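Please read through the structure below; I'll follow up with questions.
Going in written order, the chains are labelled A, B, C and D, and every chain counts its residues from 1.
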Amino acid sequence: MAEVTLIEGIRQAMDEELARDERVFIVGEDVGPRGGVFRATEGLYEKYGGSRVVDSPLAELSIVGMGIGAALYGLRPICEIQFADFIHPAFNQIVNEAAKMCYRSNGAWTVPMVIRAPYGGGIGGGLYHSQSVEAFFTHVPGLKVVVPSNPRDAKGLLKSAVRDPNPVIYFEPKKGYRLIKGELPEEDDLLVPIGQASISRQGKDLSVFAYGMMHYYTLQAAEIVAEEGIDVEVVDLRTLLPIDEQTILKSVEKTGKALIVYEGNLTGGYGAEISAILAEKAFVSLDAPIRRLAGPDVPAAPFSHPLQDWFMLDVSKIAAGIRSMAEY
Amino acid sequence: MAEVTLIEGIRQAMDEELARDERVFIVGEDVGPRGGVFRATEGLYEKYGGSRVVDSPLAELSIVGMGIGAALYGLRPICEIQFADFIHPAFNQIVNEAAKMCYRSNGAWTVPMVIRAPYGGGIGGGLYHSQSVEAFFTHVPGLKVVVPSNPRDAKGLLKSAVRDPNPVIYFEPKKGYRLIKGELPEEDDLLVPIGQASISRQGKDLSVFAYGMMHYYTLQAAEIVAEEGIDVEVVDLRTLLPIDEQTILKSVEKTGKALIVYEGNLTGGYGAEISAILAEKAFVSLDAPIRRLAGPDVPAAPFSHPLQDWFMLDVSKIAAGIRSMAEY
Amino acid sequence: MEVREKIQTELTHELMLEMYWIMLLSRRIDERAWLLHRQGKFPFHISGIGHEAAQVGAAFALKRGKDWLVPYYRDLAMVLAFGLTPAEFALGLMGKKGEPSSGARQMPSHWGLRRANIISTSSPVGTQTPHAAGIGFAIKYRGDDAIVLTSIGEGSTSQGEWYEGVNWAAIHQLPVIFLVENNEYAISVPRSKQMAVSNVAEKANGLGLPGITVNGLDVIEVYDAVKSAADRARAGGGPTLIEATVLRMTPHSSDDDDRMYRSREEIEEMKQKDPVNAFRDYLIQQNIITEAAQEKFQSRAKEEVNAAIKFAEDTPYPDVEDASYPVYAEDIRHG
Amino acid sequence: MEVREKIQTELTHELMLEMYWIMLLSRRIDERAWLLHRQGKFPFHISGIGHEAAQVGAAFALKRGKDWLVPYYRDLAMVLAFGLTPAEFALGLMGKKGEPSSGARQMPSHWGLRRANIISTSSPVGTQTPHAAGIGFAIKYRGDDAIVLTSIGEGSTSQGEWYEGVNWAAIHQLPVIFLVENNEYAISVPRSKQMAVSNVAEKANGLGLPGITVNGLDVIEVYDAVKSAADRARAGGGPTLIEATVLRMTPHSSDDDDRMYRSREEIEEMKQKDPVNAFRDYLIQQNIITEAAQEKFQSRAKEEVNAAIKFAEDTPYPDVEDASYPVYAEDIRHG
């Protein structure tokens, strides 16, 4: 087993899928000779050539839109959006086209495609290189939405996404690209199924639900409060849509308390849905109000670093949230 | 007091604001000689001329984008999006530009503009003339989101929206355009404040939260179950963002039960946020699980009328939801 | 229609009669749809009347069964030429079970027909253009001997989606034909409020691909233009933008009332230029069809339309139990 | 730079010296920013080196104080010409309190300056183009004697946002100048992968407005072109698209490494064409500036840059208590 970074897991997934299936191609801005602005596609242009690793015009809606067309014809596009903040021009293609194709054609046409986009703050990116936009897409039937929090899941989920017959949006916690490291099993073909949350830490006092970078921090926060005697169960949601309700409900039935952590804006964020599911279906198990710990309701993380620190959740803020929840 | 339709309230609001303030102009597809495809701008082109009632190119992002520019210069655009389903091309301009302008410029620049869009199903419009898209925007700090449910609010809220110094998205329940009628007080300048929910029916057994067309149905459902002895409090949310938490919490503190009704897709819909607020802040008052009654998680209302009926909530489905909640 | 000295050799008399048949059939079922709509039989109809020559000329210039189509809502005649049956169209009008484009989930005229390489289309205008670019990309990627044609109204070329889709095809020299059916209106908005160029074909100059304007009321002129663009595309010569000038002889749709924005004289004048009549007269004049044979076409069209409507009327609505499927590919029932 | 027989009469020697001064100042603070970034003083810098002549030529052709600007991130020299101070720029680099475009909420070079009619700009490329159209619309609506200029990189003209914004201005004959600073790259992607036309100016042909290409390394040529476009726009003659060919003499930004996609020879060659040096040589050659005066300019620039950096270094970070404001206009603190 080799220890690799999260972004290396992503790169390996693409490399293996390009090698496995010639229908797979990559399209996006600077994915070619540049290897991606974060280097996720490093070496792939050299290995597979310009017809399979395609530098697109600077135009997100057509990156997705041409990907849809190619998928309809039978290819398997991996579309890269350089930053999640720039996925908005493609919103119409994703929401009105890719997501609705299967249902609107009564299954005659499907869109097997992956849209990769680095998301999240804490990298000095200001309002437009820090956004967490997952909640815009988890409200859209027909899409799958995936967020890995470690190199193994990053690789296995991306490989599954490439093979999935549906449009999958794959958000990458960019702050964790090189910060998050982990073991990669030497499997020939590592696949992590889409649609399953994972209990990343067993505990009995309360359940914390998180994903991506916030899951990484939450695990650390859980260890800190463990020393204070608080036994936290951590659930890595991993797939945000479709929702693994069973795992979520079971955890709260056990612990009786739920804290949902996400770094995007609080109001209308993904955590609202988790809370609503629990408030309806785990009501009798709940011993405390459901709480959400999330980004404040300002547009996104500001640039200036004290302001950015104010915006961003971190290990100590999460630990504090857990403590206050445990006291209830 | 004259009884008018909901769309007449909307038309009057625009007429009065155009007359009052010469900075106000209307821009959109077919808003000119055609008077809008729903006739909301009927007569305004003739009255105010083509420079103030402007037929745009068929291009939503630039309807909003040029509106932003005009607002920055000091005008007060009312942008019409012909159907809410076609607001998606303008998502980038709304979310990345209009919503973030004030914060990103530290208040140096603001975008006083209204974006009107007819939303909702039940009119045989199929997947692309039936969508309820409010939850995409209630997750966006910097926007205000308004949905009227009767002619008086339609007029008063739209006039307030035109005068609001922020971007306001004003969703119109198109099925109710001519179906919903009501009295309009003979006020010189009818203004309904943005940011306040209204208790449209006092009750003690449970609270139902709704808006737009679903509020119209909910009031009727409440009367039906009243005859069965169930005393429902109905809250017309009216402004979805910013949220009037106080009114919402007070109602549930009184009744102990909450049902949230919305016609858009269930998962990640607006009702999730209301539920999450209640599950955190009204937890001790709750006597029952919080429930949501919403559109199923398929892309939108299908065309064929039995399928459309299956999709759409109506008075009897809402009444059934209330009964089952009351029994808890 | 002008009498031509020389027309494409492929265009045999037989083929011309086939073209006329589809134009006529399209016209007749379209007219019937207006009638039935007025009788309250269904809620919505959007019409291709006045566009038939452009659509049929384009469709016949393609290799049906091999080439791909990404049409828009006015393309009734085009999709009939590609193999949609009148009965299938009628199922769509009434939202009946078995409707092939969407299982009656979408409004009428939202085409899609897997067996004929017609991809599923939606309502938001312009979104189909990047899809066509992607199909063109995939054809080239695979080295297949197909091309793709996508159509759109002139108003919808104002969308950034259109611009970006055409740009892809021009940069990568993809085998795509961009057909613009220019009827001078987008609902009520005239072309002069959509663009500052006087012909849509000029837009090609800004995108770096060939662009031409053809008389879209002349089925042979359209055929010729699309045929040579198709030949070039198939040979690796890249995309072409073809503007076909047509007439929207009806209101935008059954929801529209065009008296608010255009004169009755304008409509009357259009009738003189009716492309279906023009082709009929041409065929008669050229002795390609006799008056009698022509009359037979008419009665056969009437019969086919009657049968199609009857079929759709007799078909039940879709089963409500199926309404929640298939949102994801896993939900598709096979067999 | 070519020696011109006749240049715009407005372009006095005094004005030319002012132009040179801004170009030089911009270059010096830009170079310093690279240096300080390498020393780890702040996380990000994006550069205008090689674009100065285009930017300063354009800015000086406008009526500063009256006309409006909708710039993009490379326009350091342009916004300095419009009145941003080096100290204010330095506040942006370091994210310090009082930074005027955003209160340090945005990354450096995200311009905005209310007092100078520079609207707030963001990162998603292309979004500014419709804003400029809207400002042009409002100017015309009000009957004001102003015009607006918006700039963009050539790669970003691939966005539908750009197309739709220009289209508005062309249809409504709005007083807008669309300046494209063509440096042949969008990060790593060459122009040939962005468009099939060989000059960005050709895009004007598809949109129905005049389009020209000018040598963006020649400040006077740019000035002349923008001046005549501005005169025409002010007189009601509508918009113009001006492509200025420039050089991106640095990596895309401090996050980039351009060795992965272009050769060192290419960079070396650029240095021969440096627009700031070219203008200096021209001024000396034309006896508009003496060597000695030129040296003074250099030392004054150094001092100003030093002072600006020092000022920013001495300024505190913004107060965290202010971080949650103003999301809505109601939150703005006045006075």
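Brief remarks follow.
Just so it is clear, a contact is a pair of C-beta atoms (placed from the backbone, for glycine too) under 8 Å apart; a residue touches a chain by one contact, two chains touch by 3 or more.
Everything numeric here is computed off the predicted structure, so don't read it as measured data.
For the pairs B-C and A-C, the count of C-beta pairs in contact is higher at A-C.
Distance from subunit D peaks, on a Cα-centroid basis, for C. Inter-chain centre distance (subunit A to subunit D, centres taken as mean C-alpha positions): 37 Å.
The distance from the centre of subunit A to the centre of subunit B, each centre being the mean of the chain's C-alpha atoms, comes to 31 Å.
Centre-to-centre, using mean CA coordinates, subunit A is 41 Å away from subunit C. The set of subunit A residues touching two or more other chains comprises 56-57, 59, 61-62, 85, 88-89, 92, 96, 100, 103-104, 127-128, 141-142, 297-299. Each of residues 102, 105-106, 110, 122, 124, 158-161, 164, 167, 171, 193-195, 327 in subunit C touches at least two other chains. Residues 29-30, 32-35, 37, 55-59, 61-62, 85-86, 88-89, 124-129, 296-299, 302-307, 309-311 of subunit A are the ones that touch subunit D when the two sit in their complex.
The part of subunit B that touches subunit A in the complex is made up of residues 61, 85, 88-89, 91-92, 95-96, 99-100, 103-104, 127-128, 135-136, 138-142, 241, 243, 264-265, 267-273, 275-276, 278-281, 283-284, 286, 288-292, 297-300.
Interface residues of subunit D facing subunit B in the complex, by the touch rule stated above, are 68, 70, 100-103, 105-106, 110, 112-114, 119-120, 122, 124, 127, 129-139, 141-142, 160-161, 164-165, 167-168, 171, 325-333. Put simply, subunit D touches subunit C in their complex at residues 158-161, 163-164, 167, 170-171, 192-198, 202-209.
Subunit C makes touch with subunit B in their complex at residues 43-44, 95-96, 99, 102, 104-108, 110, 122-126, 155-156, 158-161, 186-189, 193-195, 255-256, 260-261, 317-318, 320, 323-324, 327.
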